[in-house]
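Both complexes below contain chain A, partnered by chain B and then by chain C.
Now for the complex of A and B:
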């Protein structure tokens, strides 16, 4: 098929504004009469609030209101309502908001917050998810049994378990009995943060006619509207959410962030606009980050390397509040084995509370974690079998006819995993699991990981689009998708241009979303926007096209079948020199007679999610949604003197169905890989004994910097998704999934150890060579010296 | 916390225009650019000198506007992204995937612009040294490095 827009790099619609620095994010708008908020956060990770003294603070200059949890003790949460906007009775993590001040300036608000005195009584700390899930562990949420929740999750009352998802496939006992080789491993990934460059910001006001107007940095404006409406019993029509483009989201701006608190603060000052602009520190600690995870896995295979059984125990550490992690742990269960055909599977995936900053949606949505566990397991198994790790993966790669853990049968159009694996290995010159010496102290090794991701979307979600034709024949594309940086709006414009056979230049898109005027969009999350909104845009553009053709058919007195279109005009098939321009059809220029009405042509389109994924609570049986398959491989170079290392090359090969815009697709993939490299090698919160975060700024929370990135090698395989727009599938976050596993596999191969804990800092590498006691006894310098001898 | 309430009068040259402003002693250059002058291209992404999103050129040298007080730059020349028009580096960012969300972009472009002027033929190490002061969370830096190369090429061809 020949496409004119699809598959072409196009200058981004938001490009000019971005290179000129004129694009406006929430915090860049001037807002008259705005008051500023400062938030007093908890210094303890678990403690009873004995008293809050606001007397002195309230007398300071400029202070308009002070709010504490007592003032509005509601509970919020997308799936499990467990989180008050301000702590009530107790605090559960370091950085939790306890009180908020509204003042004329931010400086005055901050000065007053400083003067709020809070007395705490420390409570026992719940430090890690594994211990937290045990009976008798101190509880974070004593009332868990009374909280309200969606019926797709299963909290266990009188415990710290916010959700428990079970997968039971085949017979696990006989699966292991039939295995010749069994391996077991324990793994962990610490919690961290999205660290999007734009800190979350919200401005809320209640106008004199009662309209609640909120400007906010959100990926989900329509969901924010719905949740606020439920929490505060405000009719939907009384809430307007305005969401300008985001300075990065990565999942961290989904659901309610600062919006509920900002609304309450505006209420406290008679509806005047109040701005909460997170400082970087607040954004890292107070607001939601990335969950941690611990795992224990067992894999069994035959001597030939055919996987027979997998027993998987996943403990997702959501921190103090469950947020999206109850769903993340569930998504990880649905995809628990990675893309391998395993006949017997037993998986328990828990979402567990601990006294850490809370997690939320994050690129990969739990898949990076499970992939780390399974793919480390695959390498350990390969070693035990004496087999090339790539071969082991090729033997077990899932293919059409195989079943997933939820007993869905994979289909031909789900993609070609073997090709992804082979190409990824080729791209980095796969070394058969061996090491190569560069010089006396430097070695190179490679590591690989397969990946898959289910686009987990609730049933009955949908997307809508409008395409209106202007008097100059150009079109406006209206949709509720958020621009987070991923460029979806540009890709959608390309899709509309393709349908109408006009230049993408003649398609206008609007970056900000306004819930009053934008067509409804479920949420810009889970890499599903292009899939769902893309379908809606096709329908809307086709609708507009049909109306244009109708008008032309009236004019020419010919049936529509006799007409064709292209280049902004409709022409007669048999005599292409008889034509009429879209401009005229759209009513922009006068025509003789009154055949053409001046009514604007407006095309409508929508798409309702067809794929469902309800699963049985006891066995996990059900139907998951669209799978994206892929593989990633890296080559590392390790200095065995000091254990410093560099990822030289990182390859990603994914079956994305169809590439709509190669430039944008590559950008998304490379960005995801970079973020995952950070997760693999540097990014984690470090805690002291009191579970206070020690690295709560961008100086100490280390993200990847320029020059630290590898050479990125990206390839796409295009097995069309039958029902995707032009065959496309999501790809925004998939490329994050296999990187930590591939890096850990490469480093483990290089050093001949098993590196099962992230992040892989040089010290961790060194410690893997020297068991804890030995390492502590000799100290780091001596250890290196010893190694040198 | 002690609050100073004195207001100081300062004069600056911003993007070629002379400006007279009344600022608090504690106001950072970034706050004054954004809040007093409406030049919101530079962002407050950490206000701690860690990310470079607030980068502006002070007397042609890249500085982090969040770490400088407005009263310190009395009489000096400042260039913000709003003052940069149709430069090679901007075009290069546009054509080479130099940005995604765009939040780090003004800072990166200004830093790169100064780098290109100071080192028209710099090597990878110099580039790295200059640009490591800025964080981009979206691009993985690939597009940014490609943009820098493209801008160098454009400039070399332009000056031939």
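Now for the complex of A and C:
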């Protein structure tokens, strides 16, 4: 009779509405009087704005207001305030918003935007992060030294460096002296986009009573409220953020996106609601995407394959504005070595401005990039040592007692990496990492990558939950976590059901979040919702349960210890046939037929981040947080005639502590793997010499298609996280981390070359065999970019 | 979104379509024939095309027929690629059309639209080049019939206002051996960075797309293919006969295209010679 939900494949709470298409996203919200915005964007990647002529546009039919950057030159940014909602004085990337039109219809707004004439004076282009970090490089942000920022990052004034995080562990010089074998590699990952199915949309209005009401596609409604309050000096109580579920976030809807501009536009038209709905092209080019990265690494080991030293130089290319990438570069420093025990580490992780579309948080948060660098290095090292790459990883796999780059000691409950590596290898029939000829033109090979991810969460972040019991004994679970497709709210319902020993069917959750009515949630980012909100939900459900038990105890005149519960009732331990239903305890139905009106039972729960995370600015020494460990392996088949290839099988084995819902967990893992396969094999922005994006639509920006995917093999190892809800830890992003490295390793093995650049298109494979001159290798080609409005 | 306003006309005969075009051209600057619309819609979205009048030819029965007539098969210009694929009248046509875009798009893309595409690929012309196809074009003075190869040079050379009505191919090509080799930047669905069609009937013939900024075939290349020389020498000779500099763009360098082209010629040639 006792229900248990944990570990069961409960069907997701939003499943039916999503499948039949009736779920409402922001753009589905319509209300009367709404006006529409169209945005005029930059055609240059770096240029001084000489003039903006809006005269003709403002006379067109339906036009209500036109805004330019000078109208409200505030600077926005979560960690570093560097970005105006509309460009001021200069533009820094192709697609940057320069002016915005509000009109009665979107068509009228778009027509007017086309008539805005902007004159630019071209400025020298900053094309790649490595060059951009050099002294003397043209500056994107001359005033970087004057921008305000949070002290967890370290911008360098009079440079393009928006953050510089250092790790100095052990003694790097003696580390390399003690190494018998040293390898070096340079790597690169291009910038790209999240390509979430739902383009970003915001509707802002200032109601006649002064309340600012914003419907928006965001992962962070409470952060949007806080930032708008700060930027525009509006009291928090005067801002309401309503956030319906998202059609995919992947980090791209965290922080401020369209909200500040939408608010300004509403203000410009007397507070009437204004909708900005990104077109697909605007979502790819104008709004934030994924950062690029360049790296140079050196690894040193003994002849036996014990790693002694790692020197790691990471250049995170954030594009024109830093957004979350300053923190991504920091997160990558904290995890810089991958999950290996290395006594001597020297890492400089930079976030560097270039004249490319700007990046923000993206599934994996810098870990995919550092893992690509380190894991390629591990394979190069294994080759030099003449060792099976799997064995090299097993020798150096981090374990309890080892220290991280920040000198935190790993503990037993952090998970079992060796088992993950061995299982992942088994799943794809790893055979010494060799190659197998299928026929005259076809080779198969395997590649493997270990992975780890730290949940980089600031202290004082937290989550809250309320559990209210209705008159039918069912439960409402209120929390501020955003539903992005990850299914966290379903897992949270399972946790509440588990505590109360009721069916998940009797737990209701609400997908939209409203900052006025939902309990505070820090942000739905960083694979931490299940962990943090899960803890709050346990506490809230236990609080509700205790109130139920108290009432039963009063009724039965028995101490609580003499009572037990399950199946929606409280009963006497010694005599289970003496019981009372939750319904009655909740006050919905009176004892023996009499209606008893009672106060509603409302349970409260909170969780505050207790894993402190601060590091020393000079050495990186600090206290760590929660790590998830795992391994991924792939098998590829390459045609050596035309260098086309397929990923046949992809395995992921992670130590997730505890699987709350196996179907949701597998969905998250497979989704991450597919996304990372896209990053590894097809996705990149392609630029012409003017750094204009040539593939700014889904016709040409190539995400993985259905049918191009491998067979997915997913397994979980469960070493409980001592402080996690039922032992669980995060798994939302982790499976993205090792895939690009594993694919590059497999293909490098197949071809006997070193593939250190993404994406791994067939031509890149061919080129690794037949190197060519620089002009063709840098990926900048002639081409005509999309005409922007 | 399409940010310009336009007049939409849906004539039911070829004559009506052509006369509408001529009349409206006197008043409006930009008049377009429209069938599947995949290109017009996506180009309009990107401001790469604008129109004052759009004449939809899908309601014209002549443009919509797939008919066997004496020894020829007639394909209306407004047939979708999938309609032609499903009928599977000529294996060569089916094979080429299946490579164009994806299934959903092929439900819209039409034969005429692909032949008259503004993009450089126009892969639907490859089988027409190899099968002595004929086309019918309607204009102010009625309908004329032309050999496809005499009127297609890089693009279809027809006059402003003329309408491609249909295409016809001799049934005897049904049994001809052919080899399709199509390479893309990555994956299955994409524009080709190389598309070679080679047909064997009274000797070999080849047609190419994705290599230059236009699809092409040439008598000189076909002559070399049938010259019985050493295969390496043949490939080198063909390379010199490519009518332009091999393309380089964001999807492939010219080096890579050239490598694929050489290999494609070799494997198609070997495949068809052995048969």
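Following the convention adopted for this analysis, the second predicted complex is superposed on the first by the 763 of 789 C-alpha atoms of A that agree within 3 Å, B and C clash if a C-alpha of one lies under 4 Å from a C-alpha of the other, contacts with A are read in each partner's own complex, and residues count from 1 in each chain.
To be clear about the criterion, a residue touches a chain if its C-beta (ideal position, glycine included) is under 8 Å from a C-beta of that chain, and two chains touch if they have at least 3 such contacts.
Source: prediction; values computed, not measured.
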First, second, both or neither for A:279, with chain B first and chain C second: both
Partner chain in contact with A:761 - chain B first, chain C second, else both or neither: second
Which of chain B and chain C A:305 touches, first, second, both or neither: neither
Which superposed partner A:111 touches (first chain B, second chain C, both, neither): both
First, second, both or neither for A:11, with chain B first and chain C second: first
Touched chain A residues, chain B compared with chain C: B
First, second, both or neither for A:702, with chain B first and chain C second: second
Chain B versus chain C as contact partner of A:686, first or second or both or neither: second
Chain B versus chain C as contact partner of A:248, first or second or both or neither: first
Which of chain B and chain C A:642 touches, first, second, both or neither: second
Chain B and chain C contact sites that coincide on chain A, given as residue numbers: 107, 110-111, 114, 279, 697, 699, 704-705, 707
Chain B partner contacts - residues on chain A that touch it in the complex: 11-12, 14-25, 27-28, 30, 107, 110-111, 114, 194-199, 245-248, 250, 279-280, 484-487, 663, 666-668, 670-671, 673-675, 697-699, 703-707, 709, 712
Complex contact set, residues of chain A against chain C: 106-107, 110-111, 114, 279, 281, 641-642, 644, 681-682, 686, 694-695, 697, 699-700, 702, 704-705, 707-708, 759, 761-763, 766-767, 770, 772, 776, 781-783, 786-789
Chain A-facing residues of chain B, complex: 1, 3, 26, 34, 38, 40-51, 53, 80-82, 84, 90-91, 93-95, 97-106, 109, 124, 127-128, 131-132, 134-145
Chain A-facing residues of chain C, complex: 1, 3, 42, 45-48, 102, 183, 185-190, 248-250, 252-253, 255-256, 259-260, 263, 267
